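The same chain A turns up in both complexes below, where it pairs with chain B and then with chain C.
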Partner chain A sequence: MERRFERNLEDLKTALAKMGSVAEESLGVALKALLSGDQVLAQRVFEMEEKINRLEIEIDTAIIDLLALNQPVAGDLRFIIATQKINNDLERIGDHAVNIAESVLTLQTLPGVSIPPEIHQMVEIARTMLKQALDSFILLDTSLARTVLRTDDQIDDLNRLMAQQVITQVKNNVLTIEGGLELIRISRNLERIADLSTNIAEDVIFETEARVVKHHAERNDTN
Partner chain B sequence: MSEKNIRLSAKDLNVYYGAKHALKNVTIDLETNHVTALIGPSGCGKSTFLRSLNRMNDLIDNIRIEGEVNLDGQNIYDRMVDVVELRKRVGMIFQKSNPFPKSIYENVAYGPKINGVREKKQLDEIVERSLRQAALWDEIKDDLNRSAMAISGGQQQRLCIARAIAVDPEVLLMDEPASALDPIATAKIEELIYTLKKSYTIVIVTHNMQQAARVSDTTAFFYLGELIEVGDTKIIFTAPGRKQTEDYVTGRFG
Partner chain C sequence: MERRFERNLEDLKTALAKMGSVAEESLGVALKALLSGDQVLAQRVFEMEEKINRLEIEIDTAIIDLLALNQPVAGDLRFIIATQKINNDLERIGDHAVNIAESVLTLQTLPGVSIPPEIHQMVEIARTMLKQALDSFILLDTSLARTVLRTDDQIDDLNRLMAQQVITQVKNNVLTIEGGLELIRISRNLERIADLSTNIAEDVIFETEARVVKHHAERNDTN
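Right, the complex of A and B next:
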C-alpha cells in the first residue's frame, strides 16, 4: 500500500523542480539581456518574477500543511526543511535576476559602458552553479553539490577584482561613476546568485547526508 | 462557489444522560465523501455525538435526545425510521475489533445473508469486493475459512471494516479505530480510510490528534459538550479560529 504522505512528498519535489526551472529560466533571460543589451528580454524577466513569487507562496503553503498534518521525522523532515530553504533561495535568485534586468535598462542610458570580460566569466560561473545546484537537488547528488561549494570562491575573487578595476578606471577617468556603480551592482548580483546556489547545494547535502556544511563547517569536521 | 454535498447534518442536537447535559446544541453538516474527525478531551461529547449518528445511544438507559440528525434530509430520530435499516446505512467500527467467532468468510457474508442474499456466487462476490475494499483480500484470500479470531489485530480491524461495508452503507462511523493497533497496522487503517472516503462518508473519533490531522478533510473540536469549532483540517491545524482550539491542538490545554 503506497503511503499518501509519500505521494505528497513527491508532489512537493515536483513543485520545487518547477520553481527551480522557472528561476533558472528567468536568470538565463536576464543574463542574455545583459550580454546583448536587449531591453525586450529584460522586460520579460519582470513578468517571470511574478510567476516565481506565486510559486514560492504555493510551495510555502504546501510545506506548512505537510508539517502540520504529517509530523514528518528523519529524512522526510530534512527533505521538507531543505525544500523550504531552497524555495526561498530560488525566490531570491529571481529577485537578483530582476536587479540585473534593471541594470540592463540603466546601461542603455549610459553610453560607453561595455561589459568587461570578468562579468562574462561571472555570468558563466553563476549560471553553471545554479544549474548544478538544482541538478544535485533533483538527483540527490552530493558530489555535484560539493562541486558547487568549491566553485563559489572563483566568483568571490572575480567580484573583488571587478571592484578594484572599477575603482582604477573611475580614478583614471576611463569610466564614469554612474557606469562604475552599475558594473559593481551587476557583479554583486552575480556574486549573490552564486552564493544562493551554494546555499541550495548545502541544503542538498543536509537533506541527503544529515550533515551541516554551512560556514565551512565541513572543513572543521574531523570525523 | 460549489454547493456542498451534505450527507449527514445535526441540528440543535442535545443529549442528556439523566441530569448531565452531554451534548449542547450541536449543529454541523457532514459532507459526502469527506472524512470528518471529531477531536477533544475525554468527556467532551465527541463519542456521544458519533453514537447519536446511528442511534447507538438509544440503548443507554436514562438518555434523552433532542434536536435532529438528518441523513439525506430525513431525521433519523423520526418515529417512522426503522433503526435496523438506519444502522445498515450508517455502519460502525469500534475501537476494539469485534469479529464474530466464525470464519473470515462468514464474518463478511453475515450482513448480506441477513439482508436476504442467498446465492453463493453473489455472496462470494460481495465477500471478495468487501475484503478488497478493506485492503485485506491479498493477505487472506487463501484463508477465507480460517477463524476470524486467528488473524492479527490489524487484520481483524480491517475485517470489521469489510463486514461493515458488505451491506453497502452510506456512512461509516469509526470510534478510535486504530488506538489498539501498532504503528504499521495504524498506518494501514489510515490509508484505508483515505481510500474508502471515495465511496463513503466517514466520521472518525480519535484521541490521537496527529491521526485526525493525517486522515481527515474536516475537523470538529468538541469541549464540554459543545462544538467549539469545525473547519477544513488544514486550517484547524495551521490557523484555527478559536483560542480554545489552538490551545487544544498545540497541547496547551487545561
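Right, the complex of A and C next:
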C-alpha cells in the first residue's frame, strides 16, 4: 500500500509535468503566431486547448482518487494540494494562450498594426516566468520560485505602459483604435500569464516550506 | 472522531458561507461606488480585500487540517474539494471588486464619463449570478446552479457590445479614449466576476452529482 502510494505520487508529478509542458508549448505556439502573424499556428493553439482541458480533468480526478484511497499528511498532502492548484493555473494559462491566438486572427483583419517592443519584452518575460515556475516545481527549487515572484512587477509596469502608449497613439490617429484595443488585450493576457506563473511559484514555496507567500506578504518584505 | 469530523465539515461550510457573504458585500459596495461615484465607498472595498485574503488563507488551512486528520471519501471529499475551489474563486471575485473600486477613483479624474446602460445591466447580472451561485452552494440546489451556467452568455455579449460602443464613441470624439478604456476595464471585470460565479456553480454540481460540467461540456448540450 505504502509503496503503491509513493508510485501514485510519482505518477501525479509526471502527469503535472506533462500538463506543464503542454501548457508551455501552447503558449509558445501562441506567442510565435503573435510575433509572426501566422494564422495556421494560431489554429494549432485552439486544438491544443482541448488536450489541456482533458489533462486538467484527468489530473483533478487522479487527485481525488489519491485523497480518497490514502491518508496523505504533511509534505505529501501539501504536494497534492499544490499540484491541484498548479493544474488549475496551467489550464487558465492555456485559456490565455487561446485568447492571444484569437487576437492574432483579429489582427489579420486590421492591417498596419505592428507589435510594439513592449509586447516583445512582455512575451519574453512571460515565457521565462512560466518556464522558471515549472522548473521550480520539478526541482523543488524555492530560490528559483522566488525569482519568479520578483519578476512579476516588471510585466505589470510594461502592461501599464502599453495602455498609455495606445492612448497617445489613438489621440494622434483615431483610426488606430481597433488595433490599439487589441494590443491592450494581448498585453493584458501576457500580464495574466505572468500572474498565474507567480501563483505556481507561490504554490511551490508552500509545498516545500509549508509557508504561505500569497497576497504579496513576502514580496513586500523583500522589495 | 466521526462526530467531530461532521462538526468540522459543518464549520467549514459556515466559514465558506461567511467568505461568500464578505465577497458578495465587497462586490456590492464596489458596484454601489461605481453607480454613485462615491469615493469613500470605493475605499471601503480596499479595506474589505484584506479581510477576504485573511479568510481565504484560514479556510485553506482548515481544509488541509481536515484532509490530514481524516480520510474523507465520496461526498465528503467532493464537498471539501469544491469548498477549496470556491474559496479561491471568491478571493478572486474580491480582487475584481478591488479593480472596479480602482476604476471608480480613476473615473473621478475623467469628468464627463457616464456609466452606460450596458454596464448597469452587467452589474445586475453579475450580482445576481454570484448570489445564485452562493445560494446553490448553501442549499445544494443544482437546478439553481444550472441557471447560473445559462446566464453567462448574456454578460459575454454585453461585454463585447461595450467594446464596440467605445470604439464608435472614440471615433466620434477622440478625447473620450481614457474614459472609454476605463469602461472597457470595468466591463471586463464584471464579465470575469460572472465567469467566476459560473465556476462556483460548476463546483456545486460536481459536489452534488459527482459530475464535471467544466469546459462547457454540458452547456453546449443544453443551449
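Here is the rule we go by: the second predicted complex is superposed on the first by the 214 of 223 C-alpha atoms of A that agree within 3 Å, B and C clash if a C-alpha of one lies under 4 Å from a C-alpha of the other, contacts with A are read in each partner's own complex, and residues count from 1 in each chain.
Everything that follows uses one rule, which is that contacts are C-beta pairs under 8 Å (C-beta built on N, C-alpha and C of every residue); 3 or more make two chains touch, one makes a residue touch a chain.
Everything numeric in this text was worked out from a predicted model, so none of it was measured.
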Which of chain B and chain C A:Lys13 touches, first, second, both or neither: neither
Per-residue touch tally on chain A - higher for chain B or for chain C: C
Contacts of A:Ile184 with chain B and chain C, given as first, second, both or neither: second
Touching partner for A:Leu77 - first (chain B), second (chain C), both, neither: second
Contacts of A:Ala68 with chain B and chain C, given as first, second, both or neither: both
First, second, both or neither for A:Val212, with chain B first and chain C second: second
Which superposed partner A:Ala163 touches (first chain B, second chain C, both, neither): second
Which of chain B and chain C A:Arg4 touches, first, second, both or neither: first
Intersection of the chain A residues that touch chain B with those that touch chain C: 64, 68, 70-71
Residues of chain C that touch chain A when the two form their complex: 53, 56-57, 60, 63-64, 67-68, 70-74, 77-78, 81, 84-85, 88, 163, 166-167, 170-171, 174-175, 177-178, 181, 184, 212, 214-215
Touching residues (chain side chain B, partner chain A) in the complex: 135, 187-188, 191, 194, 210, 213-214, 233-234, 237-238
Footprint of chain B on chain A - complex, ascending: 1-5, 64-65, 68-71
